[in-house]
Amino acid sequence: MVDYRPILRTENTNLLEVKSVTCVKQERCLFEALSFTLGSGKIMQIEGPNGAGKTSLLRILSGFAQPEEGEVLFEQRSINDYYDEFAAELLFIGHKTGVNTQLTAFENVCHWLRVHGYNDESQVYDLLGKLGLVGLEDVPVRTLSAGQQRRVALVRLWLNSAKLWILDEPFTALDKKGVAMLQCRFNEHLEQGGSILLTTHQDLTQHFEQLQTLVLEYRH
Amino acid sequence: MWKWLHPYAKADRAYQLCNTLLPYFAVITVVCLVVGWVWGLAFAPADYQQKDSYRIIFIHVPSAILSMGAYSSMAIAAIVALVWQLRNAELAVIAIAPVGAAMTAIALITGAAWGKPMWGAWWVWDARLTSELILLFLYLGVLSLYHAFEDKKAAGKAACILAIVGVINLPIIHFSVEWWNTLHQGATITKFDTSAIDPSMLWPLFINIAGFAGFVGVISLIRLKNEILQREKHRPWVRSLVSRG
Amino acid sequence: MQVNHSYWQLFKAVYSKDVTLAFRQRAEIVNPLLFFLIVITLFPLAIGPEPGLLARMAPGIIWVAALLSTMLGLDKLFRDDYHDGSLEQMIASPYPLSLCVLAKVFAHWTITGLPMVLMAPMFALLMNLESQALGATILTLLIGTPLLSFIGAIGAGLTVGLQKGGILMSLLVLPLYIPVLIFATSAIDSSSMSLAYGGQLAILGAMLAVACIAAPLAISSALRVSVS
């Protein structure tokens, strides 16, 4: 279906708009008629018990899964109809981070950059070092610890120009210093007008002034 | 196209449509099969060469035609499902697939049974029989793919993709098998030439084909109704349907 | 970050990743080849070593073995990417998914198909194939094996999300391989009888051209379904 509405691109509009989205999985309704908006420079934390549908929601918002009903708009356009444009403005890091354990950290980051159309690889070594992977850039990722493997995926946060970040449990397996670095990077992104949607069980209220929270209940 | 299809995107409307169509198909099936079989098996003249054993064509030919027909209608439903994102069309694919597979199996079994007196062997690598066997594999592929998925939404989509891939390949397979057969065996097998058939045999054959088509329609519609109810069982309209009895 | 979209760069990136990985675990390249060799060895043992009989059956045996060894690598084609999340990253890239898929299929062919083409003279020798049929064997494998990779990748994409997808995939894919098998073996047959076999090759080539265009679309929609 073609969207005939005029395309409005005014400043300060909603980056992401979720319109009465319903998700049914294995005959269980995870959430029904869920609507919310996320503006530029805003961060939203999705909370809820295990099995409430946090990951399912993020997958729908990233366009990997289709909702049973409802639609998701990015800059007023349906993400399904304009997926490639949407994907250019999206950074998604899920449970499965997309890091190949046979390749080295450096190769992983470079491959990700190329697949996403970025071709500046000059900062990769510096950033890997900054994230505490000094000397580990050229060993296969499978030899690294869980936290280090996650850092290899999180380097992408410093290497993209996407407006919207969708992150599923980004703090998993990170130490305190890593968590602090990530929060610092989130703030930079928000100041530049980007938006973040994430799930985490950490309390983020002290770190972000404009934190919105969305609570999903476990439904039977 | 969209305007015409749109009302049937709603499950309850599709269900009603099934209910409306079902009696017509049922009447066609019963009338044609009774007339066709009695005429074909009892009254049509015996073949001068094959004697009475030729009468199996009144089952073999309709089921073979319908096995192809069911596959093409399944593929059309699959294209509709993927292009217009209609869930009901996905369900139609799943409703038709086992019926088509059964038709293919009937065609194969009756073909083998006919082959025994005619060719002296239960199975001959005749081009038509071979294509029919491959068609059965394609049907079984769609069915087993559908049942392998736990998430039935993904299962329906996957089955649709495979059905479309299959229908693109089907003419190629048919052509290649035909070609392979002439290459390896020459024209040693007497082919049943339809144009040379006597009208007194042709008419009951046509009536039987119509009857089989009606039968495929009836079973597919009943299966489609079940699939719709199964998927929509939590919806209010299904509950009210059940409570009405 | 500077953004520069180049389809060629993407193709190179995806292709070189898969080929690099295959070269790091050489078993991935060597095992299908060994399998191919062993299957071919089994036939003379099963039907007897009479050279005339073997030569007559050679095209069929070589091609059935080629089909089976292609299947070995297919199961792995998308599985690692599916499990580590790379597939999601490919979908969420600004490039069309079908282009990534094209690169991956081409890499699969480089890893499994190309070695078979290169080893073909040896297999022909083992099977007592007439020397004039050698050219046809190599040519049919050269055109036919990429076709096998394309068709097989559709099955691999459909079953990648399933627990036991491997056997199901062969069930889906093998019937679709039949035309390739028929035309390829018949080309080798014709050439060993010193007949023209350009027609069969042309049909194989036409099928490859269609597969190049249509298969990536089918594979990418299959992958989207598997990921959802």
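Letters A, B and C mark the chains as written, and numbering starts fresh at 1 in each.
Definition applied: a residue touches a chain if its C-beta (ideal position, glycine included) is under 8 Å from a C-beta of that chain, and two chains touch if they have at least 3 such contacts.
As the structure is a computational prediction, the values presented were derived from the model and not from experiment.
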Quick one: which chain's Cα centre is the longest way from chain A's?
B
Kindly work out which chain lies most centrally, taking the average of its C-alpha atoms as its position.
C
Give the chain pair, either B-C or A-B, that is connected by more C-beta contacts.
B-C
Could you tell me the distance, in whole angstrom, between the mean C-alpha positions of chain A and chain C?
36
Just the number, please: Cα centre separation of chain A and chain B in whole Å.
47
Distance in whole angstrom between the CA centres of chain B and chain C is 32
At least two partner chains per residue is the criterion; list those residues in chain C.
228
Sort out for me which residues of chain B touch chain A in the complex.
150-151, 234
Touching chain C in the complex, chain B uses residues 82, 134, 137-138, 140-141, 144-145, 148-149, 153-154, 157-158, 161-162, 164-166, 168-169, 172-173, 175-177, 179-180, 183
Touching residues (chain side chain A, partner chain C) in the complex:
59, 62-66, 84-85, 87-88, 90, 92, 94-103, 107, 111-112, 114-120, 159-161
What part of chain A is in contact with chain B in the complex they form?
25-27, 29
Residue positions on chain C within touch of chain A in the complex are 1-6, 9-10, 12-14, 17, 20-21, 24-25, 80, 83-86, 88-96, 100, 224, 227-228
